[in-house]
Structures are given as C-alpha cells and as structure tokens.
Amino acid sequence: MDGFEVFFVEKWPYLATVLMILIGLYGMVLKRNLVKKLIGMNIFQGAIILFFIIHGWKRGATVPVYDEAFGDLPANYVNPIPHGLMLTAIVVSVATTGVALALLSLIYKRFGTLEEDELLRELRAEPAGAPSSGEMASQREDVEGAEPDDGGQR
Amino acid sequence: MDALHTFHSTRPLWALLVSLLAIPLIVATGERHRNLRETWTILAAVAKTVLVWSMLPWVLQGRVPEISLWRITPSVELALRVDTLGLVFAIVASTLWLLTSLYSIGYVRGAGEHKQTRYFASFAMCLHATIGIAFAANLVTFLIFFEMLSIATYPLVIHKETPVALAAGRKYLSFVLPAGLMLLLAVVLTASIHPGGLDFQAGGFLSGDDASRVLLRWIFLFFILGVGVKAAIMPLQSWLPAAMAAPTPVSALLHAVAVVKAGVFGVLRVTGYVYGPHLLKDIGVWTALAWFAGVTLTVASLLALRQDNLKRRLAYSTVGHLSYIVLGAAILTPYGLIGSVLHLMFHATMKITLFFCAGAIYVRTHKEQISDMVGIGRQMPITMGAFAVGSLGLAGIPGINGFFSKWNLALGTAQGGQWIFLGLLVLSGVLNAAYFFPIVQQAFFRRNPEFSSYGEASMWMVVPLALTALMSLVLGLAPNLAAHAWDLARAVSAAVMGGAG
Amino acid sequence: MSGHFSAVFFVLALLAAIVALKVKDLLAAAVVLSLFSFLVALLYVSLGAVDVGFNESVLGAGVTGILFVIAIFNTRRRSRD
Amino acid sequence: MSVKWTSRLWAGAGTALATLVSAVGVAAAAGHEMAQAHGDLSAIHGAATQSPDAFQIPAMVLAPLLIGVVLVPALGRLRRSLAYQVTVVVFVAYLAVALKALTTVLAHGTLHYKMAGWMPPVGIEWTLDALSAFVVLVLAVVAVMVAIYSGVAVRRQNPEREVPFFSMMVVMMLGLTGMVMTGDLFNLYVFFEVSSLSAYALMAVGDRKAPVSSFRYLLQGTIGASSYLMGVGYLYVLTGSLNMADVASLLPHLLGNPALTVALVLMVAGLGLKMALFPMHLWLPDAYTYASSTSTAIIAPVMTKVSAYVLIRMIYFVFDSNWVLSDLHLGFVVTWLAMAGVIWGSVMAIAQRDVKRMLAYSSIAQVGYIGVGIGTGNPWALVGAILHIMNHATMKSSLFMVTGIVEMQTGTRRLQNWNGLGRKMPWTFLAFTLAALAMVGVPPTNGFFSKWYLALGLAGAKQWVLLVLLVLSSLLTAGYFFRLLERIYARTGEDVGSGSARVGEAGDGGVREDGGANADGVKLAGASGSGIAGARDPGLALLLPPLLLGVGTLVLGLVNAWFVTEVIAKALPAALRIPGLGG
Amino acid sequence: MIRPKETIITDHVVRVMVPFIQIFAFYVIFHGHYSPGGGFQGGALLAGSVLLQRVVLGAERSQIGFPTRLGIPFGALGILIYAGVGFLAMLDGGNYLQYDHLPFGMTPVYLRNTGILLVEIGVAFAVTGTLVSIYDDLVNFERRDDQAEMHSAGSREDA
C-alpha cells in the first residue's frame, strides 16, 4: 500500500482536482439547463477548494490544533493557512450561488423557462435593439406577472 | 543672415489664443444679437492680424519669439516659436481671415445660411488651429494643432447639412483622419528614433545615424501621407473637390488658404525642418515626392479643364497649385524653396480672390456652373475684374504676384537641373491659362440677355475681393512690400539650405 | 485517518458530482449536490482540515442545498438534460 | 410587490458581500490563531514599522467605504433619499483620502500596511505604491461622479431600488479598492469576488434581459475568478507564501518549474476573462447593454480596468516580466489577443444600432489597448496602458452617463433616434462629443496620449505590424463615433424616415432601419414623457458629472505629462524604469 | 412549494433541535479561536437553525424565531462590530485590527483574545443575517407567485 500512498501524496492533488474541475466544467458548459450549470459551478468551486486542502495535508500530521502529544513542532501539524483561506472561499461560493439562484428565479419569472435554448429563442424573438426600454421591463412585469404563456409551453 | 536668437515672449500665445477666446463670446451671443456676434469675430480677426504682423519686425531682424507652455509629453513641451516660415504662414492666414470674416458676413446673410453661430465659432476654431500649426515649435505641438484643424473644419464642410454636404463631410473625414493617424505614426516613429526632442530645426534635426535608411524612408512616407492629404497630392486629392460643398467663404479660406496650406506648410516643415535637404538627398526620397507633385500639378490642371462647376474647377486648380509648392520644397534647391514659400503666400491671395468671386456670383445669381456665367462680367464688373486678376496671376502672367513665385520655382528647377519639372511647370502654366481665360473671356466678351437685373453683391463681399485682387496686383509689382515676402522667403531658404551647405 | 478513507470519499464525491449533473429531476440533483458537498466535507476532515469540513458541511451541504431546493420550487423541477 | 423582493435580494446580497469583507480579516486570523497556539507569536508578530503620519493611510482609504457599507443600508432604511446622500458623502471622503494617499505615496514612497499588525509573509499586507494609489484615485473620481449622477437617475428609473443600488455601489467600490490595494494574493481573490458579486447584482437591474446576461456573466466570471484562485493555489504550493512581494522574491529560484507556468497561465486567463480580453469577452456586450444605465456607468469604467491593473501587478510585480513576456512568449499571446480584441470590438461596434451596445463593444476594443500595452513589455507601452486605465475610465463613464441621460429624456437609445439631439441637448452632447473625440484619439484629449505612449512603446519594441494596427484601429473608432456625431448634430429628428430614404443611409451600410416601427410607443420608466421631440438638457445633477468628465478628457490630455512623469513613471516596475523619468 | 405541513413529528423535532443547534453554534463561535470552528461556522449554524425553522414551520410561524426584517440589520450589526473593532485598534495607534491596541485596558494576550472573539461574533452575525436574508428573498419569490399567479402554480406542480 505504500506505493499507492506515495502516488496518492504526490499526484493526487492534481489528478483529483483536474477530474473534478472537468466534471464541473462539463456541467457549466455543456448542460443546457441553468440550474444544472449552477450545480456544475458548485462542483467546480468545490474542486478548487479541495486542491488547496489537499496541499495543506501532510502525511502523518494532525489536525492543526495544539496537542500536547505533538508538541511545538510545526511539522507535526497540517498547514493551517490553506484552511483559513478556504473558509472564506466556501463562503464566497455560497454567496455566489445565492446571487445566482436569485437571478435564476428572476429569469424564470420573466421568461418562464430555464432552458438555455428556449431562453435564446425568446431573446432572439425580440426585435434586435427593440424598445430599449431599460427599466421598463422590470416594472411592467409587476403588472403582467410571469409570461402569460409559460404554462402552455411546458 | 544673422544668427537666430530666440527670446521669450507671450505674443505668439496671444496671437494663438485670441480666436479661441472669441469662441465662447460668439457662442454665448448666439443668434439673438447677430451684429454683436459678428463684432466678436471681426475683433478677434483684427487682434490676431495685428498680433501676427507685430512680430514681423522681430523676425526680419532674426529674432525669434518663443514660448514654452508646459510639458505635453515627458520629453516634449507644448511650445510656440515664430520662426520665419511659421510667420509667413501666420501672416497669410490671419490677414486673409480678417478679409474672409468681412466677406462671410455678407455671404451668410446674403445666402441666408442657417446655424451661423456654429459657423463663426468653427471658423474661429480653425484659425486658432492654423496659427497653432504655424507657430508650433515641435512635431507634437504641430500634430496636435494639425488634428485640431481637421476636426474643426468638419462642421464647416457639412455646414449645409444636405445629403451632399454630409457625404462630402464623410469623404473629408475618411481622408483626413487616416492622414492624421499616419502623421501620428510618423511622429511616434520619429520620437522613438530620435528621443532627444522633436523641435523643428532649420536644416532638419534627423540625421542618417538615427536609424536605418529604410526606416527613415518609411517615416518619410508616413509624414508625406499625413500632411499630403491636406496638401492634396494626387492620389489623395479627391476630398478637396468634394469639400466644395461647403459655403464659399469656407472654401475660400480653408480650402484655398488654411487647411490646404497647412498641408503644404507641413510638407515644408518635414522636408526643411525635420529631415533637411541633406538627409533627403541622402535617402533619396525627394525625387519620389517631386514626381508626385509634378504629376499632380499636370493632371490636376487637366482635370480642371473638364469641370463646369466653378468651385470645382477652382478646387482642381488649387490641387495643382499646391503641388507647385510641394515641388518647390521637394527639389531641394534654394530658389525652389524661395519659390515655394512665395507661392504659399501669393497663391493664397489669388485663389481667395477667385473663391470670393465665385461666392459673390452665387449669392447674387445662384449660379454655380461656368456655362451659365456667360456675360456676367457686365453685370458684376468689379467682381469679374478681380477674377480676371486672380486667374491671370495663377496662369503666371507677369505683373501679378503669381508670376513672381512661379519664376522662382522655375529658377529652382533649373538650378537643380530638373528640366523635366521645368517643362511640367510651363505646361501647367499653359493649362492654367486654358481653364481660366475662357471664364473671363465669356464673362466679358459675350452677351447674355438673361443677365440684366443683377448688380454687384453687397459691399461686405465686394470690398474684400477687391482688396485681395489689389493685393495680388501690388505684390506682383513690388513683392517685398509690407509683408517683406521676398526677404522672408529668402531667409527661409537660406536657413534651410544653409544647413545643407 | 489516511489515504484510504480519502480515496473512498473522493470517489464517492466524484460519483455524486456526476449523478448530480446527470439526473433530470432537478430536486434530486440538488439533493445529490448536497450529498456531494457532504462527501467533500468528509474528505476535508479526513485530510485534517476539520474546520473546513465543518464549514463545508454546514454551508455547502446545508445552506446551499436549502437555497437550491427553494429556487427549484420557485422555478421548475424538471430539466431537459 | 416584486419591487420588494428585488430590493431585498439586493440588500441580502449586499450583506453577503459585506460578510466576505469581514472574512478578509478573519481568514488571515485563522492562520495566526494556530500559530498563536504554538506560542511562536513573537516570530510572526513583529513590531509594525510605523512611519508617523502616513502609515495609517492605506486603512484610511478603505475606511470611508467600510463605514459606507454599514451606513448606506442602515440610513437608507430610515429615509430612502438618505442612501444617496450618504453614498455621495462616503465617496467624496473616499476621494479625499485617495488624493491624500497619492500625494503621500509620491512624497514618501510605497506604504506597507500590515493588517492586524502581522508581519507580511503570514499576515495580510496592504500595499499602496504609486500604481495602486493612482488607480485608487481613478476609482474614486469615477465613483464620485457616477454617484452624483445616479442620485437622480436611479430615482427616476427605479426609485424603489435606491437603497440597494447605492449599497451595492459602495460594496463594489470597496471590493475594487481592496483588489487594488491588497498585497496578498488570496485577499485579492476575495475582493475580486466581492466586487464581482455586487457587479452581478448591479447588472441584473435593467432590461428584461438583464438577469440572463448577468447570470452568464456570473458563470463566466466565476470561472475566471476560480482560474485565478487555482493559479494562486499553484503559487502557494510552490512558494508557501501568499504575499505578493514575498512570492516575487521567491520566484526567481523557481523559474524552470512547469508548475509555475501553469500558475501563471491560469492567473492570466482568469484575469483576462474578467478584463474581457479578446476571446473571453463574450459576457461583456450583453451585460453592459441590458444593465441599467447607472449600473453600466459605474461598472464599465472600472471593472475591467481593475482587472487589467491586477494583470499588470501579476506580470510585472509578482512574476518576472521578462520571463513571462519573452521566455514564455506570453507577451506575444497577450498583445495579439488584445489587438484582435481591439479590431473585433471596433468592427462589432460599427455594426451596432443600439448606442449602449456600441459603447459596450468599444469597451472591448479599449481594453484591448490596455492589453497591448501590458503585453508589449516596453516601458512606454506600459505607461500607455496605465494611462489608458485612467483615460478610458473618464471617457467611458461620461459616454455611458450621457447615454443614460438620453435614455431618460427621450426613452430611446437607438442610433437613429439620436438625430438632431445635439441641438436640443447642447450641454449633454458637449460632454458626449468631448468624450467621443477622446475615444477616437483626437489631440489634445487624453485618448490621444494613451495612444501616443502605446505607439511609442510599440515602436520601441519594434512591433511594426502592431503599431500600424494600433493606429489604424482608431480609424474604426472614428468610424462609429463620427457617424453618431453626424446624426447628433447634422441631422434633424424629423427626417428619420425621409432622411434614410434620401441618402440611402450611407453611414449605415445602406440598411434601412426599421425606424418607423420604432417611433417607440414605449417609453422608459424614467423618461420625462417629452419624447424625442421635446428632449432637453437634464438638471445639473445629471448633467454635471458627464460634463466634468468630458472636459476632464481634455484637461487630462493637456496635463498628461504630469501624470506620466510624476505618477506613472514612479509606478513602473523596477525593471522597466525609464531613465531620466520619475524616481 | 414550501408550505407548512402541519405534522406533529417534524414540528416537535424542530422545536427540540433548534435550541441545541443554536447552543452549539454559540459554542462554536466562542471557542472558534482555539479549536475548530469560528465565526463562519457558528454563523452558518445559526443561520441553519433559522432556516430549519423556516423550512419546517413555514415562513409565518418561523417569524417568531427570527423575523425576516431583522436579517439585514443583523448582518449590518455584524459588520459594524467587525469594522468597529478594527477601527478601535486604529484609534489607539495600532494598525487596523491590531488587537493588542484595543483600548480595553487588558494585557495584550487577553486583548488579542477578546479582539478575535469580538471579530468572530461580528462575522457570525453577518453570516447569519446574510444567509437568512438570501433565503427570505428566495422564498418571497414563491409567496408572491402564490398570490399573483395561481394559475401558473398549478401547471408548475405537475411539471
């Protein structure tokens, strides 16, 4: 098992992260559903956090909390700095997800769909530079509610 | 020639700024008080002319007023310097601006032009830029004002706002903006090969050591492309006839004096003050430039023959005559340069007379085609008389100033042994006569029953055109009068060629 | 804790990620995403990052999941892909 | 009612971002706590070298914004209009401190600020050198101007979102300022996300399509930021440090390491995405077009510029620029991509009929100029790039603000409806004209001088082809701006239909626009109701900011040498100092 | 749709669990600076407890636990604490967030302890407020939809 562990220690970070990043990217780029894209994004961010964490890890080291048994030697502890950073990164990713979900709800309310191709069709259906109505749209929808025909389209 | 000595003076700055300062006044006065608005223009023009002329004695004594404002790039200052050549140009521009301002008042009111405020404001801006070009002490300052002039002219070109005018405006921009960029390119390249500063220097500040000959040739090409568009050298001339869509005073001042002369002035600056005759001969580009000019002046004259629209014919004539000046600069002989500088001044007085006449005819009769002007001489004798003077002068008839400058040009070609160009000059003179004399002839010597109710245009217009015609005459008889044109031209030539030995 | 656990968690997490992207029912996808987060959190813990694991399980698995579920209820549950 | 939720969404997101800000401190602390547990405190916690007077400045720059983040939503809750007033006050204070910061830096040299007093390699350091002080000043000026403008604009366009809008604006400026000032690679990421998240929220307000484009931007932006973070990860693995100066000092020993290349490429790609470098610009046009004019006016001038600034930081200050640009040939890639962006953006801008979209594409082009300057690696080109950060910020914010004004006054931003507006709104279009001329690069506006230095740099680097392209690209810019100016001044509103029939619309490629259909029964929410015919100059609060910035293009052009010699020359990395210039 | 399903079991489970979660959250916050945990996690836990109530008890009933309108002020308070601590240290001549310069009149070690604790509390509050208000925003969507467009709600459920 030693060989495996060596491999694990040396190549694991790159392999793991790359694999997971690829999966995340696949979700973000190839999935047509916006929620799926978002899920892909979460996986993507998770992969990067994982990358940092793995690099903080040392074989045989322990949790970075002071412990009599391990004494003062920093080498005996897992490097804590990446952990501190990743705490922040996780919050960032959650905040991003929150904002994105709010946007998704808004999109759904306006267009009645979250499928990218349908959205594109809707967007193109509108005349090119047409009523450039800025803020107009968002106010109008207060009156109209969701798109009138979104029930039927499904 | 005494050694030049420069001294600090704010006068160039004031000469530069006076028209700029007039703009807010003109705009603020607006359409409500036309007379007041025109007063500002006239005042500014008078002030500018006086300021410019007041520097003439200094320059004749070999003293060069100079002012450095502040650094516009880390190595180059925004600086004005009134050297001989600059003063020549400034005198022409400011004096003729004064006359044009008077004329404009008659014209725009007579023709009922709209947006007169914008018109006068843009005009003042153009003059500001022109004087800036004349006084620019270095390439960057020159470039700034050169571009400013391009932009400031645009509102004047499209002034009528008809589709034709707008199309002309587009054409104008599509020639002038690339030209400005070429000039930028040239200046940037010059700056990069000659980091020590870009001050103009009689005899040129570049030397063969600065860069490879190939690069120097490229830079020269960019320079000529940059200034050549305004100078309407042949493949780049077609904006000029199109820009005749502008009101006549604009054509008169800008397309016979300020803008196009800024172009040829640029050529003179580049050949005489950036490269210098020595380097030009060294890298051998001068022949190319001379050939372009020679071809231009011949072909343009031929083209002018075919135009029926008076202003267009004048435009092609302008194209041709600008190339006289370029040719004079290109052949790199003392007399050529003298002729060049003289023609810069003299062509202006003659051509502006012709444009003034065209405008006067248009305002009075609304006729633009030459074929419609049969017999007009009897109705508008002063106008057509002035026209005759101008056209005779351009054809090079002795007694009018055009002869004098052309004579020097011819001497220059002879001096350089350029017999072909001499031939072209003569040929072009003949063509000039061929396209101008019929106008005069049919105006005076044929009758047209239709013309009975017209008289001279308003005094605002007649007086300026008579004055410019008179100027042409007087200068033809005594070229060194008042402006000391001869002395100045000789000084320029000596300074530039002196460097080359 | 050593590589063995980590490897298991990692493989499971990858599987969860793939499933989350493959499932057509978005609600299921969201739940699987939570599972993914939780597995990753376990992975972190097994790698010695206790606090990160803790954070991930609360935020990633918990809060994100809830937010997703709410959003999916707000919009549409079924996805085309 | 939906009004309510959006506003709450905003406030919610705002708080989220603010949380992230707080996270900055704690993230650092997390590391120290452990160290503290080990008891080797003294090693890490050195005595902060305190040059009296100046040393608090970096914190003071952020202080007004941090206070604003709390005050704006809080006071806005009491009275809605207070949000605007507080924002302006906050930004003015910010501007004052930024000015003070610049003068201090110029007088005393670089300021290092150890947050929480920890010594750099471990703690987070804020660095205020000439470059960051300069960019902060630019940010502050734009912020003040747009804030003043937004007061009326937001009230007229979407009054119910006033509080969240201004909160977001402050948060975004906070994020951007943090990005500029921080000396810590990870800290930069956090601020990166803070500014991006608030930008997503700001961009979601606007057109019907705004959320879609904002969502796309969010996805792409996250990829960009994550890519950057990944790069930071590699760097951290290699060097064990996150402090920029520290990393920079360690890197020379690692130059051969392929992982370093990977880190660099990841970072450049991420930043390139955020600054809309050519093939990664896809998010920009939609996002800028559909966002409300106020959002665009604040985002467009600063967002991409700060990313460009970070790119400069990375390439020239963290990495060895010589190695990056020449040995790795990254300079070649960046310059050519950027130049492609210039051309592409300009060409696309010509094809647009919507003014805002046109400006959006021109933003891509202008960012390209900055990219060219960064990639060339010649000191003068870099000067041009840095100068263009300032110049483009002034021009673009002015242009977008004018577009917003026209949108408000007439309810349209279609090109053809701008006919003859110049006479009806003279002052507004004075601003527009000045800024447009600056975009074209007409001397003596500032746009000319950025081009000048860029060209000088390219000539110095003997990049002839790029030089010619650079010069020619301004022609394209001139193409679309003069077309617009011609409409604005030389045509009358009445001949919309007939004019196009007569001239054949030479300027628009002969395509007859569906003009009649668009006499726009629709008006903007904020439109004053007078339509195109009755358009007139807006009040001073709307007019002054774009006008000041428009005139600013002229003034900045005239005094550019001061900036170059006194500020930018000092901001250049040591390897690229220009002899005889600055310090 | 998240509608309160009045089942006794979930109701009671939540009522029992929430206090414990919250106690644990505070434990995490207060002990964060020398054991795993801290402001982030504690805040997230607090938020989690609130969200649990929201999900299970429904938006109306859970208002008693943590009113929606408190979300943003709560977060703002957190930032205020955080920023305040930072600036307090500056007032006393330290750097931003330099805890040992806090003007509390304690020995540096304790000061640092207190400072970090305060900051952690601030962060926790901010995280809680934020997450709860994000949730509330998203839910508000749905409530609005319920009232405004019953017709489309039906079609959505069978989707």
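Chains: A, B, C, D and E, in written order; residue numbering restarts at 1 for each.
The definition used in the following text is that a contact is a pair of C-beta atoms (placed from the backbone, for glycine too) under 8 Å apart; a residue touches a chain by one contact, two chains touch by 3 or more.
Not measured: the values here are computed from a predicted model.
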| item | value |
| --- | --- |
| Given chain A and chain D, the chains that contact each of them | E |
Remaining chains grouped by touching, chain D not included: A, C, E | B
| item | value |
| --- | --- |
| Partner chains that chain C and chain D have in common | A, E |
| Inter-chain pair with the most contacting C-beta pairs | A-D |
| CA centroid of chain B to CA centroid of chain C, Å | 78 |
| Mean-CA-position distance for chain B and chain A (Å) | 66 |
| Computed distance of Cα centres, chain E from chain C, in Å | 22 |
| Geometric centre distance via CA averages, chain D-chain B, whole Å | 44 |
| Overlap residues in chain E, where contacts from two or more other chains coincide | 34, 36, 38, 40-41, 127, 130-131, 134, 137-138, 141, 145, 148, 156, 159 |
| Contacts with two or more other chains, residues of chain A listed in rising order | 38, 63-66, 82-83, 87-88, 90-91, 94-95, 98, 101-102, 104-105, 109, 154 |
| Contacts with 2+ other chains: residues of chain B | none |
| Inter-chain touch pairs (all) | A-C, A-D, A-E, B-D, C-E, D-E |
| Contact set on chain B toward chain D in their complex | 70-74, 78, 143-144, 147-148, 151, 154-155, 158, 161, 163, 166-167, 169-170, 173, 177-178, 180-182, 184-185, 188-189, 191-192 |
| Contact footprint of chain E on chain D as seen in their complex | 1-2, 4-5, 8-9, 11-16, 18-19, 21-23, 25-26, 29-30, 33, 36-37, 48, 55-56, 59, 62-63, 66-67, 69-70, 73-74, 77, 113-117 |
| Sites on chain A touched by chain D in the complex | 13, 17, 21, 25, 28, 34, 37-38, 41, 44-45, 48, 51-52, 55, 64-66, 72, 74, 77, 80-85, 87-89, 91-92, 95-96, 98-100, 102-104, 106-107, 109-111, 119, 123, 126-139, 141-142 |
| Residues of chain A that touch chain E when the two form their complex | 63, 65-66, 87-88, 90-91, 94-95, 98, 101-102, 105, 109, 145-146, 150-151, 154 |
| Chain A-touching residues of chain D, taken from the complex the two chains share | 1-3, 6, 9, 12-13, 16-17, 19-20, 23-24, 26-31, 33-35, 37-40, 122, 157-158, 186, 189-190, 193, 197, 200-201, 204-212, 214-215, 218-219, 222-223, 226, 229-230, 233, 236-237, 242, 292-293, 352-354, 356-357, 407, 411-414, 514, 517-518, 520, 522-526 |
